Amino acid sequence: MFFHKQELHFHATPDQPDAVYARKLQEVLGGQYGEITVAMQYMFQGWNMHTPGKYRDLVFGIGSEEFGHVEMLATMIAQLLEKAPVGVTEEAVQSDPTVAAVIGGTDLQHAIVAGAGARPVDSMGNPWQGTYITASGNLLADFTANANAEMQGRTQVARLYHMTDDAGVRDMISFLLARDTMHQNQWLAAAAELRDEGTEKLPVPSNFPQSKEHTPVSYQYQNFSDGQRASEGSWASGATPDGNGEFSYHDGPTTSAEMPPPTHPDARFYGTTELPNSVEKMAGTAQDAMKRE
Amino acid sequence: MFFHKQELHFHATPDQPDAVYARKLQEVLGGQYGEITVAMQYMFQGWNMHTPGKYRDLVFGIGSEEFGHVEMLATMIAQLLEKAPVGVTEEAVQSDPTVAAVIGGTDLQHAIVAGAGARPVDSMGNPWQGTYITASGNLLADFTANANAEMQGRTQVARLYHMTDDAGVRDMISFLLARDTMHQNQWLAAAAELRDEGTEKLPVPSNFPQSKEHTPVSYQYQNFSDGQRASEGSWASGATPDGNGEFSYHDGPTTSAEMPPPTHPDARFYGTTELPNSVEKMAGTAQDAMKRE
Amino acid sequence: MFFHKQELHFHATPDQPDAVYARKLQEVLGGQYGEITVAMQYMFQGWNMHTPGKYRDLVFGIGSEEFGHVEMLATMIAQLLEKAPVGVTEEAVQSDPTVAAVIGGTDLQHAIVAGAGARPVDSMGNPWQGTYITASGNLLADFTANANAEMQGRTQVARLYHMTDDAGVRDMISFLLARDTMHQNQWLAAAAELRDEGTEKLPVPSNFPQSKEHTPVSYQYQNFSDGQRASEGSWASGATPDGNGEFSYHDGPTTSAEMPPPTHPDARFYGTTELPNSVEKMAGTAQDAMKRE
Amino acid sequence: MFFHKQELHFHATPDQPDAVYARKLQEVLGGQYGEITVAMQYMFQGWNMHTPGKYRDLVFGIGSEEFGHVEMLATMIAQLLEKAPVGVTEEAVQSDPTVAAVIGGTDLQHAIVAGAGARPVDSMGNPWQGTYITASGNLLADFTANANAEMQGRTQVARLYHMTDDAGVRDMISFLLARDTMHQNQWLAAAAELRDEGTEKLPVPSNFPQSKEHTPVSYQYQNFSDGQRASEGSWASGATPDGNGEFSYHDGPTTSAEMPPPTHPDARFYGTTELPNSVEKMAGTAQDAMKRE
Amino acid sequence: MFFHKQELHFHATPDQPDAVYARKLQEVLGGQYGEITVAMQYMFQGWNMHTPGKYRDLVFGIGSEEFGHVEMLATMIAQLLEKAPVGVTEEAVQSDPTVAAVIGGTDLQHAIVAGAGARPVDSMGNPWQGTYITASGNLLADFTANANAEMQGRTQVARLYHMTDDAGVRDMISFLLARDTMHQNQWLAAAAELRDEGTEKLPVPSNFPQSKEHTPVSYQYQNFSDGQRASEGSWASGATPDGNGEFSYHDGPTTSAEMPPPTHPDARFYGTTELPNSVEKMAGTAQDAMKRE
Amino acid sequence: MFFHKQELHFHATPDQPDAVYARKLQEVLGGQYGEITVAMQYMFQGWNMHTPGKYRDLVFGIGSEEFGHVEMLATMIAQLLEKAPVGVTEEAVQSDPTVAAVIGGTDLQHAIVAGAGARPVDSMGNPWQGTYITASGNLLADFTANANAEMQGRTQVARLYHMTDDAGVRDMISFLLARDTMHQNQWLAAAAELRDEGTEKLPVPSNFPQSKEHTPVSYQYQNFSDGQRASEGSWASGATPDGNGEFSYHDGPTTSAEMPPPTHPDARFYGTTELPNSVEKMAGTAQDAMKRE
């Protein structure tokens, strides 16, 4: 169960409205790595988790915080939109070029659809969608996904910091940056803990017996481009992070196989098959098949 | 530039057709973490990369390999579909219950749209889409995304291993598992190398000055759920992975702010505002505004 | 801010697993009118609302409840999936036709992607998306949207009631039905209250002066089909619900206008324009334009 | 069957082109509540309707009108785009700031894809999609959906009225506003008629026996937020609109249930399960399972 | 304007219900090449067309017919769903394996969402969307798109013919096949007429002066794969269909260019740039930039 | 297998950055008819093809080239974004109106998400998706789809030519135009060859026996609009392109059928059925049905 408290996790009030910036902030509200994504991702990980205790408490504890960040951003966006233009603007444009920027740069649905309100979309107006989240049931994979989400998120927020000089907005952003710092560290710590305590190992998923892989290629770097400098990296020689092997470097594939012959599905799919002579036969087949029906 | 060679990276021929399994394989061809995703993700990271050398050679070298895995899967799926049912099946169902499973479990567009061919969709028929990829320009974030993609991908392939006992299919899967093992290790190694050599640091993005964060909350675990066991984790006390702080545990938020008052955008957005008496005034405003036009 | 409590709003435990039914339940978790939709819809209405007080407290109070229903459904679905098939099944199918139904009827991503967990998708696997919600800022419109959402939702849940005879599932459904009954009534009451107290009127939006409409057609039923029985309805004669007019019935349109002549945009858009003789002229124009560049 | 007449339902000719406004109008052509939505929604309700007569004639009669409104808007948009810019614009921007607004504010696909023509998208460029419509077969629910669609639609059109001062555009808008007034009234009248004549009752769906709901909570307002003023509304006490009960107000949930224990699906899904000691056992299970295969 | 007549263009009544086949038919109602697509495509081509007369009358004349085909299919689907299962089915499955096929093979939203009605989706449940249509303003391109749509459509309908033996369904399909035959021929004839009368030429768009292309490669077949047999085709030598050149065959590219150096955008985007030493400089830049703010 | 070479197929370097134009170019990278579409389309046609030899070599040969064009565009876009604005811009806008155009006209995710890099989206920010491609297995249909794709693509590129005067960009565009010229010609030649050699015939699919169509309407133009000039076209009289018939012109439909009676699905779907008296009966049915459960 969720309980709502009519307070914000932190100040979220701009010094002045800015409808163009409101659109930019939508990215971290409703984008691929926005707050809706992390809130939903952590909660679904919790609901699907196969073990009680510290890890489940962790995703529930943070997932709920993230819904509060959705709220901070939505509240901020509504305020940034408070002077969103509704009237005829051509005249205004003539006398003030900044108006042109506003007209061109706003999310039109902020005005037309939401009446100067926030929306569950990204900065280009794409609706948030369920495919943004990851919850596989394997915690080492999922905590790596979470670390990535917080890294991408903090990067986007840092970029947004430079796109405004409104002190109120920057105040809120400084808070989000700090929380992203925390969460980034936290997921890396949690992923390390899974490995340290032996709950999970590399490669993910660790219980699948590697003997069933095609092991000759399990630690080969195969270079399908013509640049040679990847051979200099730690992924091209030396011990592997999973501790099970030794990297080697290969210029190009070490295996290959003939393409299998083209398929010949039922003639009633009407795919193009053979060249003239034989197509008569195929057509016959199709029409024979139909006669049998 | 890309050059195509009419060979496969590895055998991809089933022992026998299986249209239901063909649909399942679509997940790792055209799903969120399928081969199209990693191929596109690595290439876009390369095209957007701001530094030449080992890291760019790495993403180009692997990205091109992944396009070849798209090809292996598409070729395999076409063969699995070679006996996909097209004719009337009720009679067949009566005499053989496995036919019922086939009818219910296939991707109908494999037959109706593609004429027994592979499609750029996932196992539920959702088309592959550009939002599945990640390429931020920040390599530490992006290599973490890559590690996650390979972990999720290997987990899905491992599950698919158990959903067939066709030796030909399992042969191909054993190869994909091995390559996912390699790539998973490789991205972890590359992420570590970025940090070891000092190119990037934590928290991502590392050049943003932490002094501009709201530092009091940068390393606080704030628990928004009522489970207490997250306090036991390495994310709740001790040094942080970025080396810049010390984790602390807090039951609930350590900050809060009043909700700002509701916004009052232009009356011509026709949002509901005040209660009866004052709405007259608002309405007046709206109608006044219109008179002025 | 949101606080999570590790309890459910009501029992959500099936008597036994049923992976096919798990997929069906996804509709009311992540579908157009599922619980994610209403949770998000009510919260966005609150964050965008222009008036404090009873209406805002209402949407916050119910929106938070709905997130708890998302949780009940996700928890239920995970349990229904507890015996989801992973192994090879052909043999099983031969001996038990119900296995065929299970294979054909499950959400394949439940197994392959989520490892037997719930997902933010509908019963056909389409991801939840932000376009499902409505929050216009006009409360009479939005509460009508809410009443509709609860009506559609309760209808879907009632259908789902008949698709299982698992007592545990039906127990949870009986609870959801009751809450949908409440919410349906509540939004109708709230819409009525807006009108009774004069905060909003019909037609929505009520502050737009009807004198600026093309009033001759404001209350005309115009019949564009050839059935005549719509003339019998209360929408074809008598007073209108908004109290501002009188319905009238018309067989076909009462207005019409000539189609404007085709447009002639810049020749450099390369649209097909006039017939042979004149196209020379147009082409000339295009090529002249290019010469000027 | 549908027959097309090369006339418009009303004048749809702007006084002058305005490519920025063309984009705004796309919202009510191809958006969530645009004319394509209502046209498709009413026709699908008709095709799926289980009763002949006045209600089916109604949806067919209005659905066809709405296709004509799609046509009016598409025609208008093509004209607004007649001077859409195609050439190099930097020089023009230097001498006229309004050009900057045009460049930033247009739908780029109007020019690049459609060659100065209308498209089936909303004002942010999202394609129209089938999930926008509602047709459940239950007419009381669906007519409530229709009333909402017309309310949202009229609100959007009213906002668009203020975003132009082109007399030709406003003329068309005044017509659409009037028809939205009619349709809003009409669906409310039709919903009332369903209830008055006893065809449908509240709560929707009315034939589902309420005895099978968990009736103790059927009319309880349960407040999951900390605002108290929702208790003042007509939804918190007094008779319910469905006439079957009495509202009551409760601060927080009146029911709760323990979270069920975490699930333990097949080990071959490779979800993370127990902590170190027991994971050995689980892993064993997984590998045992594989040996049996 | 559109006028609806409560008759169908042809019989559309099945001999008996078949909920699985209802789902298959959705492909040609709401799929990429279904009837909604062609109806919308032709009408948008008409609304955007820059020339009055025979071509515009053609798209309007056929577009309206296609809306009638949407209606035929929706009506047929509703009838096929008339016995769609709603009740508990496990028992039924035990006694009749065909029930298993039904359960697995139906569109679950047909039952749960539409109450046994048609939906604007394809056979895998993906909603119809605006990106399926093509209307560029260039008629030679668009009529080629139309010919393709009718070819794909007829192929899908032919496949569907074999998936049923219901005489009523096949009767309707025989009609759709005939109309697709007509429309396929018609668009090819119309495309030929555009060229014959000189309204349009190849290559599309014909008014763009080929002198501005990089003409050395305008008629070169460049082979980027290792198969050699494409050299045997009429596209590898001889006169080109546009009459402007001569095909030639080349094994591999005839041009190439060095990759440009990596980009160096503003340091405040926090992309990874140079290796350790220089990153200090970059970081300095970023932090200097911030100090300047 | 694919091999990557770190060279471009042609120069792709702008004379100077232009973030607004970068967004426009996204259309031909990631739009409906962009380079990702043709690359994927041709490769999937190859992987699904049922015949080896010249046609399969053709799609593989060109498909791989198109991936190289994706690369050229991505590389160009990254360079055009090299000076994308990140800092606060209001001050700049005041002094230079072109800045306003830049702010309004850029793809915001280029900056916020990709850090000044290319993305797999179109010019309005919609992600590329798998539904853009066509691969039916029938080569005459698919090569017609390919011809259309190249026509639409060349039209879009021609429009983009006029939207810049950057010599470097135009250089690249001149190359893409030439390759589109080639590919357009090539697919038309290949489609003709299929017919000339008798591999495929019209109407597609040619093996389906026309005797099973409803032949009376196979070559009838039926006019569902009120324009008469379509009767003047070559599609209204004379021999048909497939050589099997003779076109005829008809004003309106030549067939019609009564609408079938409304359906009556199971009462437990809760659709609205009959008027008051009979609804009691229906309700009884529903409740009886429930009692039986």
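Residue numbering begins at 1 within each chain, and the chains themselves are lettered A, B, C, D, E and F in the order written.
In this text, a contact is a pair of C-beta atoms (placed from the backbone, for glycine too) under 8 Å apart; a residue touches a chain by one contact, two chains touch by 3 or more.
Everything numeric in this text was worked out from a predicted model, so none of it was measured.
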{"item": "Candidate from A-F, A-B or C-F with the same interface as B-E, over half of contact pairs in common", "value": "A-F"}
{"item": "Comparison of A-F and C-D (more C-beta pairs in contact)", "value": "C-D"}
{"item": "Interchain centroid distance [CA atoms averaged], chain A/chain E, Å", "value": "28"}
{"item": "For chain B paired with chain F, centre-to-centre distance based on mean C-alpha positions, whole Å", "value": "25"}
{"item": "Residues within chain A bordering two or more other chains", "value": "1-9, 32, 48, 53, 55-56, 60-61, 63-64, 68, 75, 78, 86-88, 97, 100-101, 103-105, 111, 113, 115-117, 121, 124-127, 129, 131, 136-138, 140, 155-156, 158-159, 162, 165, 205, 208, 212, 224-225, 227, 253, 256, 263-265, 268-271, 290, 293"}
{"item": "Complex contact set, residues of chain E against chain F", "value": "6-13, 32, 53-58, 60-65, 68, 75, 78-79, 81-84, 86-88, 111, 115-117, 126, 129, 131-132, 134, 136, 138, 140-141, 144-145, 147-148, 151-152, 154-156, 158, 161, 171, 174-175, 177-182, 184-190, 192-193, 196, 202-205, 208, 210, 212-225, 227-235, 240-242, 245, 247, 253, 255-260, 263-266, 268-271, 289, 293"}
{"item": "Touch list for chain B against partner chain D, complex", "value": "155, 158-159, 162, 165, 268-270, 290, 293"}
{"item": "Residue numbers on chain D that touch chain A, as the complex places them", "value": "20, 23-24, 27, 31-33, 97-98, 100-105, 122-126, 155-156, 159-160, 162-165, 224-227, 252-253, 256, 261-265, 267, 269-276, 279, 282-283, 286-287, 290"}
{"item": "Parts of chain C lying in touch with chain A, wherever the complex brings them together", "value": "1-9, 30, 40, 43-44, 47-48, 60-61, 63-65, 67-68, 70-71, 74-75, 78, 113-121, 127-131, 133, 135-138"}
{"item": "Chain E residues within the chain C interface of the complex", "value": "1-6, 48-53, 55-56, 86-90, 93-94, 96-97, 99-101, 103-105, 107-109, 111-113, 115, 121, 124-127, 136-140, 194, 197-200, 205, 207-209, 212"}
